[in-house]
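Just so it is clear, A, B, C and D label the chains in written order, and each chain counts residues from 1 on its own.
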Amino acid sequence: MIMALVLTPAIAAALALVLPGGARRVLFPLTAAVHAALTTFACLSTPAAAFGGWLGLDDLGTLFLAVTSGIFLAVSVYAAGYLEREVPGPRSDALGSGVFSNARDAIFVACMLAFLSMMTLVTLSQHFAVLWAAIEGTTLASAPLIYFHRHRRSLEATWKYLLICSVGIAIALLGTFFLAVAGQLGASGEQVMDLTSLLEAAPGLNTPWLKGAFLLMLVGYGTKMGLAPMHTWLPDAHSEAPSAVSAILSGALLNCAFLGILRARQILEAAGEAAFSGHLLVVFGLLSMVLAAFLILGQPDFKRLLAYSSVEHMGILAVGVGLGGAAAAGSMLHLVNHSLVKAMLFLVAGNTLAVYRTRTIREVRGVMVRTPVTGALWIVGLFAVVGSPPFGTFLSELLVLRGALHTGGVLVSVLFLGALAVAFVGLSGAVLRMVQGLPPGGYVGMREPEPWLSTMPPLALAALALLLGLWIPGPLRHIVVQAARAVGGGGF
Amino acid sequence: MPWVDIALVVLILSCLRLLGGSRLVACISTVALQGVLLGFVPLALHGVTVFSGVALAALTVAVKALLLPWFLRRAIREASILREVQPIVSLNLSLLFGLGALAFSGWAAARLPLPPGAPSLGAPTALFMVLVGLFLVVARSKALTQVIGFLVVENGIFLFGALFAHDTPWLVEIAVLLDVLVGVFVMGIALFHINRAFDSIDSRRLHELHDLVLDAPSANEGTP
Amino acid sequence: MTLLLLAIAVLLGSAVAALGLRRFPRASALAGALGAVAGCTLGAVAAVPAAVGVSSGDLMLPWSVPYGSLHLGLDPLSGFFLVPIFFLSAVGAVYGLGYLRPEPGRSRAGAWFFFNVLVASMVVVVAARNGVLFLLAWELMALSSYFLVIEDLVTVRGESPGVRDAGIVYLIATHLGTAFLLAMFLLLGGSGSLEFDTLRAAGGAAPAGLLFVFALVGFGSKAGFVPFHVWLPEAHPVAPSHVSAVMSGVMIKTGIYGLLRVLGFLGAPAAWWGWTLIGVGLLSGVLGVLFALAQHDLKRLLAYHSVENIGIIGLGLGVGLLGQQAGLPVVAALGYAGALLHVVNHALFKGLLFLAAGAVAHGAGTLHIEELGGLQKRMPWTASLFLVGAAAISGLPPLNGFVSELCIYLAAFGGAIAPGRAMAPAAALAVAGLALIGGLAVACFTKAFGVVFLGEARHDRVRDSHEVGLLMRTAMIVLAVACGAVALGAWAVVPHLALLIEQVARQDVSAPLHDLSRTLGFVALASASVLLLAGLVAALRRALLRGREIGIAPTWGCGYVAPNARMQYTASSYGEPLTRLFTMLLRPRVERKLPVGLFPRSGSYETHTDDQARVLLFAPVYRLLLWVAARARLVQAGRVQVYVLYIAITLMVLIAVALGK
Amino acid sequence: MDAPSALTPLIALCVAPLLLGVINRTKALFAGRTGPPILQPYRDLVKLARKGAVYSHTTSWVFRAGPIVTLAATGLALLFVPLGGVPAALSFDGDVVLVIYLLGLGRFFTVLAALDTGSSFEGMGASREVQFAALAEPGLLLGLLVIALQTGELSLSGMMAGLAADGGSWIALVFVALLLILLAETARIPVDDPATHLELTMIHEVMVLDHGGPDLAFVELGAALKMWLLGALVTGVALPVPGGPPALHLASGVMGMFGLAVLVGVIESTMARLALVRVPQLLVGAAVLNGVAFFLVMR
């Protein structure tokens, strides 16, 4: 079961390299669907641990696995349509750096599926070394995706992504080794790296090494997750990658990196060092929120805008977990909401990019008139991403804010609300200006075709985001609360 | 036991050489040397006991001392890269930084309790290598030098693992090695592309993507 | 309660129906309007008894969202605020049926959808008994009204300037206000539950004073207290007129409702709360009417008058609060009664005025006061109805504005002469302020009515303006009649508000309300007799003029024989003495082109008065934010070396900090 | 209500025009002229009432309604105003506000009628009228609040009766303030000059420039009644009569009115007219005086 989850996409990836184009187009969404089906099955029936207990599905993993698989399914449908449009071969670059051609879509599909398999591995890993290897794996699998459009900017983005993330991940590895030492110097005196035995041994672990381990993992995985000031790769990669890839990066990959931090947090929680890790998380979370909010304000490029908004929301997640209690549950809930909304927004941004051939906000006008569905989706996404009712983000941010007000203190609350406000001003100003009004030389009633393959997936995601604002299903609530408990939070 | 300390000292010196070295090829061979030492350290530490240990050492040497250096040299040849490192921070300053970094690692490591049976010089050396590696990434302009820096960081961490996390299953070690290998290969591929796109791998030219527009290009003028 | 639910259901259902029928504009409009009217009627049937204290059970359903529950209730406070909401919304819907014309390639289904959603969300806001539900409805209200504000952004005539920015200003203002409410509710709900009943029982974790300030800012930014009013003069002019009527008439009142509701959670009030309310009320009242006086756009002028009237309501609340705090039931009763009555009255006459303004836009094609004129003769109905509204909003007998202002006056006087005289200074402030506001309001509305409807048209395009259709006229007539009815019938209603006011003031007020109703009875008599007297004098005039010849001639130009319409007194020059008096506050921009030469071709003189709260308060903050943002971008410098440097530094700092101690 | 109270409005209606006569006669005396007969205002009224009317084709029903409503509102207001020590015909707590707002109603329609002609002269006058009124009203109400504060009464009759009880230095201030407001509201020197012939400088006169015949008669009568009304307030403050029979009170009241008329005449003939831009200071000054009075009462 567990192995199937990891291997299905991996094998499919291998197949994608050899199969002919038509079959490949089918294979892609098909694999995603199969994976989603397996995931649902796995969530319903807690499967037995595999691979000597190194792989397994606990509450935390279940949440992340479900989100990843769901987002990937939606994106795969979208990408199928995307590949139809993006015929290989030379084309002129919309943003004017000469002619470029796309990578073969065999590589695209293969990397996508490998990416999925790696992320699945992250959510399943119960062993810190495996976790580390899997996260590094995601980097390697996704790098070619960012370089899908073969031109200089995407290459630069890829290079930064590779270098910065590899360095970060390396630091996380050092942290992993620190854990081992902490175990050796601990009560048990033996080195363990798998979650369950670490959790058992936690109270006895050697504190300095344990703290060191958390620091290193925070910096390492934080780099991948996009916590300021290690977030620097994120806007470049997100803006240069194809929108489908950006959606996966924001909707699934960042979560996986966050999972790495959460695992470390679990250990410290069990070891009674919750306060230490909590404070660090709150500090980095707030830093990310504030910095991202100001980078959002007046941002001229709408894909970078969305990328910075991801940084901000990662900050919210960190703050929530750091505050603990119900805020942690809020953070888990927010993780789901944010993935839905941000993935949806990146897909919508892809549609707009395809129609307007530019990412400059000032040059985009009257989306609502030219492409009504996309325009409506922009509006929905805007209000969802700034956390206004009736969308799920409102409820989750409410929970986190409550924690900030009651346990965080004045400064935390003020910074939290302030960052949200600034980000709102920036986002609303930019998005509304793109969506409203008349396109240059446009008129009322002018419309352009919108392929349903590129509108359906974001529509579905938007519907989910709205649903979660009006009604939180029992199972979801249960799993969210369980996950929050796992990282030392509480229910709501 | 003295063997280990000797190896560690050599590693430290090799790092200083990287900081001061001006020729790329020399830097690469230094990294290769580090690879050899990394393969040697665990054997020297625990003696030749189990087969897996030996195999691992062999693999380490194979990857870190032979494969990767060969790959990097090839990169230089293929991409006809200028043979000089282009420092952003001058070599002398780099050496001074090395001293500072060494002091910092010593200070930091002294605050961590030493596990039984581990060389006291181990932790400082590993941390020092990590810092030097980071410094090389930051303070050298060529993309290739940054790969070298990344390798040094990796080496430092690998050293730490070999010295302290000796109980880690050999599978993990192999996975780590593999990741580094693939990582560097992917970077190498990127290097070739960069070379083709920018006809140079001076990564200082890689900065089209930024937000440095100081006249607040307010996408939203008119708000209150 | 079931009726209320039914009303909400009908409203939402018709909203969806209107959207579904967007292919058939006519049917969609009918669906929307009829749904709104039906829903409002149902709701009114439920609300009226609730307002006078006939209690009906709450609706309480579990809800799976954190701290949330689907808890609706109808106590007197809710019922009282629901009545104007339902009434004005129904009238607005009828008006809208005539006002919103489908255009080629542009169905107005969206407008109807959001209109009905707006009404429904206002109902839920007022009936909600749970913090989360309240906030949800609150935000839904803001969003739906936002989309109504930008309804006319893109028309067949192209993109209308300024609409987008107006919308964004409104959106941002309301969201920032909501942030304060969010914080306030979460601080209130220290115990964990956001049920209003528990909040009322428990009281917040935070100091009540802080919560009061949060409530004042949060709800004030919706109600339009200075300086949080910046969005009103932007949003109201660009919105369709029936929407402006509903927004200005009832939507901003939900802010007042929220304030009253939350005051109930904060326990015994402190004196400085009352003083603050009086201060804010005075500021809003005076500045609102002054800025109104300086406007050239009719609807913008009306928007500023909403600020003024919210200020009057604030005065009433402040006096009532002081009375409650000082244990003077008379003052509390009269103050609160005045404020509440003014809530209803403002809904009526401001609704009427906005609808009339919309009619002017329809009939004359412009709202620029300096171009209008002489509409009394071309749009007699609209003109006369506007006159009723103008007299009412100026607080003149025999209309309803006077009734509520009188209550507030009486409360102030009563507070002044109350034993101990502790309240006297506040009372003097309130009385003088009310008088000043009233006088300025007369000035402003003589200007508005006189320049727009009297004299001659000042612009050619206005000459051939036409009266509006039956639907729009009916809507306005209904409101005008209501204005008179309240003035004559208030005395009968007031005693029944005892429960409501006791709920707010927390003390027995039946006796003072009884006296009040006697007073209002006198006022009603006086109002009736002034009409009667006028009738008599008119008859006398007719008798005197019988048999005498009545000449028709041009206006006496003091000897000048060839006057033309451009020579009439302009609105700007009419308001100039007062605006000059308050230049320091208004700080108008003057653009003048002096006539030059011996035989000058032309000269011009224009004044523009920007909202000073926006210029002096919010614009600098926004510029500061942009400045910081520009600096923040330095972080994203583009060099990978720098980026890795960040990581290295973070790492070393963390290690140093963690191992240092 | 008792007989004397019922008489007060009738007296007002009959005697009000006489005040103008008295004022003009006083001015004439100061100017060393014979001046018009003291009953001239009545003659004017009658003459106007017998004339026909001429209307501008610019005007609408608003123009015709102006004088009517003004007269009706002022007349009604008179019912609530006591004369001397005699309580008003009608009174209830808070009639103070009603009276002032009835005057406001009258002004509202006068101004609209002026604007209805579309002449810039009328517009000018209207603009000044509303400006000065807006500044006068706070002062007026503040003064009445002071009286209410001292007497603890909320109806005009009650206040005036209560005033009889005590006298204090503050009364003088209120008296002066109310007198200033009366001068402004009734368009007398130093605020406005009813005798001027330059439309540019007029306030009240220029507003009624286009009225003629019965309309003008109504306007004049309304103005006279308004002066009577405010005068009654001023005299009420000035001469509180302790006790005695109602007749005495009535007599003192009417006498007081004439005294006031003479005073106004004296002021008009001894003072120069203020520049229009200075008038606001006068009105603000009145409000300030009342503020001081308030302070005196409070301590």
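Observations
Following the convention adopted for this analysis, contacts are C-beta pairs under 8 Å (C-beta built on N, C-alpha and C of every residue); 3 or more make two chains touch, one makes a residue touch a chain.
Treat the numbers as computed from the prediction; the structure is a model and nothing was measured.
When the C-beta contacts at C-D and at A-C are tallied, the pair with the greater total is C-D. The most centrally placed chain, judged by C-alpha centroids, is C. Each chain gets one centre point, the mean of its Cα atoms, and the points for chain B and chain D are 97 Å apart. In whole angstrom, the spacing between the mean C-alpha positions of chain C and chain D is 36.
Averaged C-alpha coordinates give centres for chain A and chain C that are 44 Å from one another. A straight line joining the Cα centres of chain A and chain B is 29 Å long.
Counting partner chains per residue, chain C has residues 164, 168, 172, 622, 626, 629-630, 633, 636, 640, 642, 644, 647, 651, 655, 659 touching two or more of them. Taken residue by residue, chain A touches two or more other chains at 159-160, 163, 167, 171, 208, 212, 235, 295, 298, 425-426, 428-429, 433, whereas all remaining positions touch fewer. For chain D, no residue reaches two or more other chains under the stated contact definition. Judged by the touch criterion defined above, the protein chains form a pattern that is neither an open path, a ring nor a star, and not fully connected either.
Here the chains touching each other pair up as A-B, A-C, B-C, C-D.
Chain B makes touch with chain A in their complex at residues 111-113, 115, 126, 130, 134, 137, 143, 146, 150, 153-154, 156-157, 160-161, 164-169, 172, 175-176, 179, 182-183, 186-187, 190, 193-194, 197-198, 203, 206-209, 211, 213, 216-220, 223.
Residue ranges on chain A touching chain B, taken from their complex, read 97, 129-130, 133, 136-137, 139-140, 143-144, 147, 150-153, 155-160, 162-163, 166-167, 170-171, 173-174, 177, 180-181, 184-185, 190-191, 193, 206, 208-209, 212, 235-236, 239-240, 295, 298-300, 304, 361-362, 425-426, 428-430, 433. Of all residues in chain B, those touching chain C in their complex are 88, 104, 108, 111-112, 131, 134-135, 137-141, 146, 203-204, 206-216, 218, 220, 222-224. Looking at the complex, you find that chain C touches chain D at residues 373-374, 376-377, 380, 383, 387, 391, 394-397, 402, 405-406, 409-410, 412-414, 416-417, 421, 424-425, 427-428, 431-436, 438-440, 442-443, 446, 449-451, 454-456, 515, 518-519, 522-523, 526, 529-530, 533-534, 536-538, 540-541, 544-545, 548-558, 563, 565, 567-569, 573-578, 581.
Put simply, chain C touches chain A in their complex at residues 63-68, 103-106, 132, 135-136, 139-140, 143, 150, 153-156, 158-159, 164, 167-168, 171-172, 175-176, 178-179, 182-183, 186-187, 189-190, 205, 622, 625-626, 628-630, 632-633, 635-636, 640, 642-644, 646-647, 650-651, 654-655, 658-659.
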